[in-house]
Structure formats: structure tokens, C-alpha cells
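These notes open a run of structures that come right after.
One chain, chain A, appears in both complexes that follow, with chain B as partner in the first and chain C in the second.
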Partner chain A sequence: MKGAARWARRAPLLPALIFTIVVTQLPFVATLGISLMEWNSLDPENRGFAGLDNYVAVFTDSGLRSSVWTTIVLTVTVVLVSLILGLGLALLLDRKFFGRGAVRTMLIAPFLVVPVAAALLWKHALYNPDYGLFNGLLKMVFGEDGPHVEWISDMPLVAVEAALIWQWTPFMMLILLAGLQSRPPDAVEAAHIDGASSFQIFRYLTLPHLRQYLELGGLLGSIYIVQNFDAVFTITSGGLGTANLPYSVYQTFFQAHDYGRASAAGVVVVVGSIIIATFALRVVSSLLREEARS
Partner chain B sequence: MMLGLLAWVCGLIFVAPVAWMVLTSFHSETDAATSTPSFFAPLTLDGYNTFFDTNPWPPLMNSLSASVGSTLLVLLLAVPAAYALSIKKVEKWSDVLFFFLTTKMLPVVAGLLPIYLVAQYTGMLDNISFLVVLYTSMNLPIAVWLMRSFLAEVPKEIMEAAALDGAGLAVTIRRVVAPVAMPGIAATSLICFIFSWNELLFARVLTGVVAGTAPVYLTGFVTSQGYFLAKVCAAAVVVSLPVLVAGFAAQDKLVQGLSLGAVK
Partner chain C sequence: MKSLRYGGLAAAVLMATAACAGAGGGGGGNENSINVLMVNNPQMEDLQKLTADNFTKDTGITVNFTVLPENDVRDKISQDFSSQAGQYDVATISNYETPIYAKNNWLTPLDEYVAKDSGFAQDDVLESVRQSLTAADGKVYAQPFYGESSFLMYRKDIMDAKGITMPEKPTWQQVADIAAQVDGAEPGMKGICLRGQPGWGQLMAPLTTVVNTFGGTWFTKDWQAQVNSPEFKEATDFYVNLVRDHGENGAPQAGFAECLNNMTQGKVAMWYDATSAAGLLEGADSPVKGKLGFAQAPVVKTDSSGWLYTWAFGIQKASKKADNAWKFISWASGKGYEELAGKSLGWSRVPDGKRSSTYARPEYLEASGTFAKQVEAAISGTKPTDPGVQPRPAPGIQFVGIPEFTDLGTQVSQKISAAIAGSTTVEQALTESQALAETVAEKNRGK
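Showing the complex of A and B:
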């Protein structure tokens, strides 16, 4: 009877759990299997066990190695810069001023543009050297002899990063703003009365309170930026040293048709993500523990 | 005062690319492709007309059915799960929550090939229902997390009181749980809808002629040249419109949802 009651409580959980395991975990197990095989769909006769050959290939392939580095640089830069900008904007928006609602709406806009559309916007309407807005504005300010920048070919990775930072800063701002607005106002007021400076209040009251929110923003941002495909695919098509791991894996699958090697690269992405996740989960686990306590 | 002004400047800088996209979409192709920005060029619907001449309705409808379908399926699976995890505590509930979150950290590319092969062997390539299943798996973990924290806010005392007063489960859910949980469920649905509507990688790999979604359709413009700038901007505006409208309309819910209710 007791067991039946326990099952009645667990039963509502099972459909979601089973669905998630079947659709997300089984494919990864299959990827793990394929990564140990020699399997190129253009050469179906030579299918067989390859051992660790694909992994050796992944680590000796300079293209894949550089896409590991690109993924790290891209993720760290975008997450850090958009967190810092988002924090600044959240602090600005936390004050009362004329038209605050309108400014918040303007700041949210980039986050609400479909990622591919945003990437197309940056590639064609902003970065294009001949008719894009950036060079157009430079021309308006400095005249015909002003600087003429080939934004994408001169600074490909920065171009991708800028577009992503523009999209993700609003996300960080929203999370941090929610954090600021949940801050107990009495404590700030008391500190003011006790003669604490604005900086002291920020350093010793606001920042510790925001820690969880900063961590949450960093965690969610990293999860999505590590996996970014849309911006890299659209703005540079992975060229000029901007191919990150998701793009490289995609390319190995569907252009080189090397299933074995692409799977090995996919597994490497997962291992990298686990390293980030272990670090990040410790952060979230502190969130969970706190909640369990209350 | 100065800081308010600074906030306005930042707001204008961030919204400028979006405004430029909308403005360009209403310019003629010649005006759009000038090297000096044509802020005051006459407005026209030519960009939209040429865009709609290419018949974007099938991809837009595909996106709509994939997003709505998977959002409904997510609700169907996540509400009971969140209920089990919040109102009636399952032992080791935090382990279960952890598991859901870790699936979000499994990069999409790590399962892409097997998923592609399964679709190929079962004849589900280029089929919207297959996307619905994948988008559901993509959003389910986040939805369970969000809804658990929203459902946890339902005061247990009121539920117990209702039970003591002889209210059945249906009545309790309708009168007590639903009013507290509905805003959270709405926020979760909105977030799931946006993520599904935006998704590109799965859609690009698994769909083609029949089931291509709006983002896949947009990739057709990746190598567009300047002569089509107004059309590209019109396309970007149209595809982003549902998300922009829903997002602006539900800003507060979006904020609540994105902060995951996890840190309260």
C-alpha cells in the first residue's frame, strides 16, 4: 500500500522523465558508438570498428583544434561582456527616471529578434562595407575620405561577437533587473542613513545580493553561446577562423559525410561542456540548497 | 537626471539596429543600397511585396505549427512533472531537477547524427511532427524548472483547507492552483514558443522542401547581395514579428520567467 502511494506520487513525473531520456540521452549514446566506427556515408563499403582513430583525428586536425579555441574565446567574451553591460543597464534601469518603461522596451528589442534574422541584419544592413549602416555613419561624420572598414573580413570573430553581445545583453539585463528589484529596500535605506557611499552600498549590499542572478545569467548564457550555430553560420559561414565546434561538427556531418569523425568531435564538445557544467552546476546547486533550506 | 539621460542613450543605441531594419524594409531597393544612410527616403511597401511574392507562407505556417505543437506537448508533460516535484515532494527531487537541467547542457550537435539517421530510416525527414518532438525535448527541462518554482508558490495551507472543506481535486485545481499558477504557465509557454520559433540547427538538418521553417527560409538570404536589402529586412521583420509582439506584450512575465523563479 505504501509503495503504491509512493508510485502515485511519482507517476506524474514519469512521462516527462522517460521522454527526456529517450529523446536526449539515447542519441548521445548512439553518437558515442558511432564515434568509435569508421563510417563515411560516401564510402559505405568501408564501415567498421575504428577504435580511437576518430579521436586521434579530431585532436590532430588543426581545423577542429582551432574551432575548440574559437568556441572558448567566443563564449567567454560574449558572456562576460554582455553580463557587464547587462549589469550596467540593469543598474541604470533600477532608478526612477522619465520614460523608464519606454527605455526598457527599447533595450529588450534585440533579444526578441529571431537569431537568424538578427544575424542577417548585422551581416547585410550594418556590416556591409558598401551600403551598411556602420560605414554609412562613418562617411557622414568623416566625409568621403573617412575610414572605410571591411567589418567582417577585417575582424571576423569580433563581428560575430558584437552581434551576439547585442542580442544577449538584454537577456542578462532582464535577469539582473529582476534581481535588483527583489533587493530589500530597507537595507539600502538603512545603509544610506548610516552614511555609506553609493559605491559601498553597491560593493557590500547590491553585489552580494546579485551574485545568484549573475551566476544564473552566466550559466544560461554559456549553455546557449557554447552551442551557437545561427550567428556563425549566417555572418561568416564559419570562415576566417570563426568556425566554432557546433559549426565544425555540422560541417563534418553534412559536407564531409564523415560520420565517425563528426561523432567523435560531438563527444569532445560534450566533454568540454561537462567541464563547464561541473563548474556551473556547483553554482546552481548552491541555488538549490538555499531553496531546500527555506 | 544625467543617469536617466544615459539610460535613454543606451536604449536608443540598442534599439537602433532594429529600427534601421524596420526603416530599411520600407525603403525601395535603390534607397536601401546607398552608401550614405538614406534616413529620409520615401517609404514604400516594395520590400514586403517582393518578399510575399516569394510565397513565404508555407515556412511561416510550418514554424507556427512546430512551435504551437511543441509548446502544447511541453505543457502536457511538464505540468504533471512540475506538480509532482513541487506540491507533493518526490524524494531526491533535486536530483531529478538536476537531471533535467543537465540535459540542457548536452549540446545539440552531440545527438544530431543519430537523430538524423532515425529520421531517415523511419521516413520522418522533412516532417513537422518530428521537429515537434525535438523541440519538446529541447524546452521540457526549462519548462519543468520554471513551472516547479511557479507551482511551489501555491500556498499548501489553502490546498489543505480546501481538501478539509471537502473540495475534490478538480475543484482545488480550478479554484486554488490555477489562479496562482496560470501566470507562470503562461510565461513558460511564451518562452517555449520563442525558443521553438527561433530554432535553426535541427530545422536546417532535418527539414527540406515540405517542412522547412521560417528560420530555414531566412538562411536562403545569407548570401543575398545589396539589391535585395529591403527584401531581406522585410523578411527579417515578418519572421521576428510574432516574437516581438508576444515579447513586448508580456514583458513582465518574460522577466519573471527568465529569472527562472529559481532565485527568489
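Showing the complex of A and C:
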């Protein structure tokens, strides 16, 4: 009787649950299934069950392994640098000055540029060794015989990172600015009266208050930058050791037409993301707990 | 954590749906219409404009076009054809896909249609182009819309000023010497532009033609990988050194578009690339118009070295409207269409490089006189099944006609691009590439 009542309450919700399972879990199950198959769309004769071959290929493929490392370096660098720059800009924008609205709008602009357009802008208008802005500036300062830098060839990963940092700094700035503006002004005032220096206020009031905003920015930024494709595709075409995981999966799927191996790589990415996210969140939450205790 | 997991899941969803897309469907529309999936090159867009007022008017067959950029169209075609969904009756495929698709039984052979259609004049189609669209069973599976090879484009004015005569059929050594001489002929001008951007269709295309003529090959006839062979290495060393010493700035990022830009802007004195670039360099608004000379693809051990590429129309096996589809192909790939395009759009816009009669038309020669003959010679000189000094296991000049090559070529090109940038050596790049090629070879040996 009790069970029946429970089911009567649950039943109307079942369609929604099934729908959720269908749209979120089934495709993943399909991907899992495909990852166990030998399936290259151009080679239908050899389609069939492959066992764990695709996973073996994923883990033994040196290109894929190095793209895992590239993804980590790229994400960590871009998130950290844009967080620091975003924090600086947010602190500056938090003060009242003439034309603040206009400056804020201009600072946000890079984030509003379509990612592939931003990547093209950096590749051609800024980095190009012949007509790019950077070498043009070098020429203006040092003359014709001045240094000639092949920006992308000499520092490929930095080149991709710089373009991404340029795009993501405004995002971090927005989040941190929102955090700064929600800071209770009376606490700051009280600290001033108590004789705290500006640095002390920043260190002991502002920073702890901003902690969750920093974490939010870091988390959202990481999710998006791990998936970044446009910058790598446009600026270096995955060359010079800049191929990250999304680019490698794209290459396996759309260029090699190897659905099996691409699915296996995709599964590995999901599992990896879950593991990393679990650890990252555990670290973050333990920090929070310590903060609460102290 | 939740949002992250769903982020990952979203990627998985995307992949799974992409894999399933194309299943189902089936040709729509009425009896007298066909669906055509086409790449969005300018020549195809012209074709689309001319269809309703000419083809449909004459035959009563409506043509529904789907026009997409090159990468997307390849993807969509391979999905529709591999599932034999039959959504599209006709698609533009290249000489890379044609033999592979034919082997997979995805295409309708065209020989019978050609035999019955006396006006089509298959004999007029350039031998090498026709051969590249013929599968291993000897049947023709696609008809070309236009074709291209590769050749050397150079600044005649710069050569004249330096007192250099470019041979009609230069060797790579001569080209390297000339590149050294003209490097810096004008402030900021480099000797030669060669692609360095990763991609099987970018860097790998010209480089493979160089490998062929240096005596190298990707695979021997019985599927032994040869990427670290002395000939392959010599050719790659040559290419990498030439572009590092006298090539364009930013070479590891330069593809067709970047080199076209460099040539148009006077940043390089020579450029080895697709013959289709000539029409752009000699276009009415090009700053280098009239200053150019054209020579055959440089050689070392072979007679010719140019590549062969053609966009062609094939009929999907599952199509229920093959007869109407052939009528469309016969019209679009026929002589009559060239006449029509020339008269209504201008002779420089004729889809060329596929029929020998094109090169006998006075109006066409007038519009493209500086390069027309060289293009014809370049395309006719190619041997798609025998481009090097040894027999090959699969057709193709600037590619190996196997499904695995798009991936293999792209991965190898990334390593060689790094060698051009100086972050690795050719030796290292080719050793790693040999391992990749060996995996592919092993798979094919088993077949």
C-alpha cells in the first residue's frame, strides 16, 4: 500500500525522467558502443566489433597523448593569466572615474567577438610576420633592420594562449567586477577607520570575499577553454605541438572518418574531465572549509 | 562538477548524433527533380545560376542544390553516401574519393550512360582526368566539372631584371638556385612560396609531388612504408631547407590562401602551387597582372611532377533517379556548358582543365592566353596511377588513394611543419611519421 502510494506520486514524473535519460545518457551509451567498434565510414568492409582496440590506439597514439598535455597547459595558462589580468582590470574599474561606462564597454568587446573571427584577427592582423601589427610596431621602433619575429612559428603555444587570454580576460573581469560591487562597503569603511592599509584590506577583506567569484570564473573558464577549438584550428592548424584534445578528436572524426577511435577518444576525454573535476572540486572545497575554520 | 560532466556529455551527444546523421531520409521531391550536393566554389555557383534558365527549361527536370564549403561538403557527402541514404542523387566528389567510393559500391558506374549519350564526347575529356575518375574495375564513376594540376608561377619582370631565364621544365635544383638569386630582389621579397601549413590538402600536397620526383614514395607496391627511406628524406630535406632559406615569412602557417596573398602583394618571386591560382593572379584587379610567367612543375627524376585534382559529379548508387541525374551531369560536364558559361558569364569563368576542346577555343585562349597552354600541358602530363619511379599500391599523385590517408597525411604534415618552424628536425619528423605509416601499411597488407 505504501509502495503503491509512492509510485502514484512518482508516475507522472516518469516521462520527464525517461526524456532526460534519453537526451542525456543514451547518446553517451551510443558513443560507448561505437567506441568498441572498428568503424571508418570510408571503409565499410571492415566494420565490426573491435573490442578495446580503439582504446589501445588512443593510449598508444603519441599525438593524442601530447594533445592531452597541450590541453592541460593551454587551459591552466589561459585561465590563470586571464584571471589575474581580469582581477587587475576589475579592481581598476571598481573605482569611480570619468567615462567608466565607455571604458567598461570597450574592455568587454574582445569577449563579444566571434571566436573564429578573433583567431583570424590574431593570425593575420597581429602575428603575420610581413604585415602584422606586432612586427609593424617593431619596425617603427627599431627601423628596417630591427628584430624580425616569426610570432607563431617561434612561440606557437604562447601565440594561441595570448589570443585566448585576450578573449577571456573580459569574462573574468565581468565576474570579478560583479563580486567587487557586491562587497559590503561598510566593512571596508570600518577597516579604514581601524587603520588597515589598502593592501591589508585587499588581502584580508577583498580577496576572501572574491574567492567564490574567482572559483566560478576559473571553473567556467576551464570548461570552455578545455573545449577550445577555433584558436588552435585557425592559428596553427594543430601544428607545432599545439593540437589540443578537441582538435585531435575533430581530426580523427571529420578527417580520418574514424568514428570508432574518435568515440573512444571522446569517452576518454569525458572520464578524464570527471576525474579532474572531482579532484579539483575536492581541493577547492577543502580550502573553503579551512577558510571557514580559521 | 555537474555542469562539467554535462559539458563532456554534450560533446558525446554531438559526436553520436553526427555519426547517426544521414541515416534515414531518402530522395524527396517529385519524379522530375533531382537533388545535388555541391561544393561552394565560384564555378559551382555559376552553374547553379545557369541551371534553371537552361537545363530545367530544356529538360523539365528541376535541380535542388545544396551548396556547402569544402570541408562541410566532404563530411556530408561521406555520411550520405556511406549510409546510402539516397538523399542526394548527385554529389561533387574529387579524384581522391571516386576510387574509394567506387570500391565501396556507393556509386553508379557511368560507362553505359556515356555509351548511349553520343553528344557527351568522353574522348574529349583529358586522358589523365578520365583515368583518375576510373576505379580499379576499369569503369568510370564520375565526370569532371573542372580540373587542376600544379605548376611553377614566377615574376617574369624580376627574372628579366636579374637576367635569369626560367626553363620551361625546370629541375628543383634550378629552382632552388633561382630562389637564392631572387631572394631580396625587391625590399622584403623572398625567393619562393611553398606551403607549410599542416593538413593533408595543404603542405602534404606539394611536398608529395616533390617526394615523387625525388624517387620517393609513401608505400611500396606490397605495402611497405617508405617514409624514412633515403629518397623521401632527401626530398623533405630539400623542401624544408628551401622554404627555410628562401621561402616566405611565416611559412609554417602558410597555405594556398597565404601564398596567393604573398604572390599578389609582391612578397615572393616564385610560387609552386595549383594551376587554378593562375586565373586569380592574372585577374583584372590583380596588382601582378601581366608580370607573370608559368613553367611546368619542377622535376628531378621523373618527366613531370604536377599533381592532379578534379571536382567531378558522381551518382549515388541508392539514387532512384539515375537517368535524370545523368542528364544533369551530361549537361554540366559537357562541351555545351562551357559554351554557355563563356557566352553568358565571360570566358575567364569557364570551368576549365577537363576537356581538350577547351584549349582549342579562340575565345578562351584570348581570356587566359598567358597560362592556358601550360595548364593543359600540366594536367595532361600527370600520371595518377604511376606518378613516381616505382609502382604504387593505390592511385594518387599528391595523396595516396586510401581512406587512411587524410589522417596519416595530416599527422605527418604537422611534424614536417614543425621542422619548417625549426622546432624539430626532418630526421625526427620522418622517424615518427614512419611509425604512423607502418600502422597504415600493416592494415592494408592484411586485406
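FYI, the second predicted complex is superposed on the first by the 252 of 294 C-alpha atoms of A that agree within 3 Å, B and C clash if a C-alpha of one lies under 4 Å from a C-alpha of the other, contacts with A are read in each partner's own complex, and residues count from 1 in each chain.
FYI, a contact is a pair of C-beta atoms (placed from the backbone, for glycine too) under 8 Å apart; a residue touches a chain by one contact, two chains touch by 3 or more.
Bear in mind that the values here come from a model prediction, so they are computed numbers and not experimental data.
*Asks:* Touch check for A:Ser62: first (chain B), second (chain C), both, or neither?
*Replies:* So A:Ser62 only meets chain C here.
*Asks:* Would you sort A:Phe28 into first (chain B), second (chain C), both or neither based on which partner it touches?
*Replies:* So A:Phe28 meets both chain B and chain C here.
*Asks:* Using the superposition on chain A described above, determine whether A:Val79 touches chain B (first), chain C (second), both, or neither.
*Replies:* Neither partner.
*Asks:* Touching A:Leu87 in the superposition: chain B (first), chain C (second), both, neither?
*Replies:* Once the two structures are laid over each other on A, A:Leu87 reaches no partner at all.
*Asks:* Quick check for you: in the superposed arrangement, does A:Ile225 touch first (chain B), second (chain C), both or neither?
*Replies:* In the superposed model, A:Ile225 contacts neither chain B nor chain C.
*Asks:* Between chain B (first) and chain C (second), which, if any, makes contact with A:Met37: first, second, both or neither?
*Replies:* neither
*Asks:* One more residue to check, A:Leu240. First (chain B), second (chain C), both or neither?
*Replies:* So A:Leu240 only meets chain C here.
*Asks:* Look at A:Arg9 in the shared chain and tell me whether it touches chain B only, chain C only, both, or neither; answer first, second, both or neither.
*Replies:* It touches chain B, and chain C stays clear.
*Asks:* For A:Arg104, using the defined touch cut-off, is the partner it touches chain B, chain C, both, or neither? Pick first, second, both or neither.
*Replies:* In the superposed model, A:Arg104 contacts chain B only, not chain C.
*Asks:* On chain A, which partner touches more residues: chain B or chain C?
*Replies:* Larger number of chain A residues touched: B.
*Asks:* Intersection of chain A residues contacting chain B with those contacting chain C?
*Replies:* 23-25, 27-28, 30-31, 34, 123, 128, 130-131, 223, 227, 237, 246, 249, 253-254, 259, 262-263, 266-267, 269-270, 273-274, 277, 281
*Asks:* Using the touch rule from the top, collect the residues of chain B that touch chain A in their complex.
*Replies:* Residues in contact with chain A: 1, 3-4, 6-8, 10-12, 14-15, 17-18, 20-21, 24, 32-37, 77-78, 80-81, 83-85, 88, 90, 94, 96-118, 133-134, 136-137, 140-141, 144, 194, 197-198, 200-201, 205, 214-215, 218-219, 221-222, 224, 226, 229, 232-233, 235-237, 239-240, 243-244, 247-248, 251, 254-256, 258-260, 262-264.
*Asks:* Where on chain A is chain B touching in the complex?
*Replies:* Touching chain B: residues 9-13, 15-17, 19-20, 23-28, 30-31, 34, 89, 92-93, 95, 97-100, 102-118, 120-126, 128, 130-131, 133, 135-137, 139-140, 166, 169-171, 174-175, 177-179, 182, 212-213, 216, 220, 223, 226-227, 229-230, 233-234, 237, 245-246, 249-250, 253-254, 259, 262-263, 266-267, 269-270, 273-274, 276-277, 280-281, 284-285, 287-288, 291-292 of chain A.
*Asks:* Would you tell me which residues of chain C are touching chain A in their complex?
*Replies:* Interface residues on the chain C side: 1, 3-9, 11-13, 15-20, 71, 75, 78-79, 82, 100, 104, 187-188, 197-200, 202, 248-253, 255, 262, 265, 267, 403-404, 406-407, 410-411, 413-414, 417-418, 420-423, 432.
*Asks:* Which positions of chain A touch chain C when the two form their complex?
*Replies:* Per the stated touch rule, the residues are 23-25, 27-28, 30-31, 34, 40-45, 62-63, 123, 127-131, 144, 148, 150, 152-154, 156, 219, 223, 227, 235-241, 243, 246, 249, 251-259, 262-263, 266-267, 269-270, 273-274, 277-278, 281.
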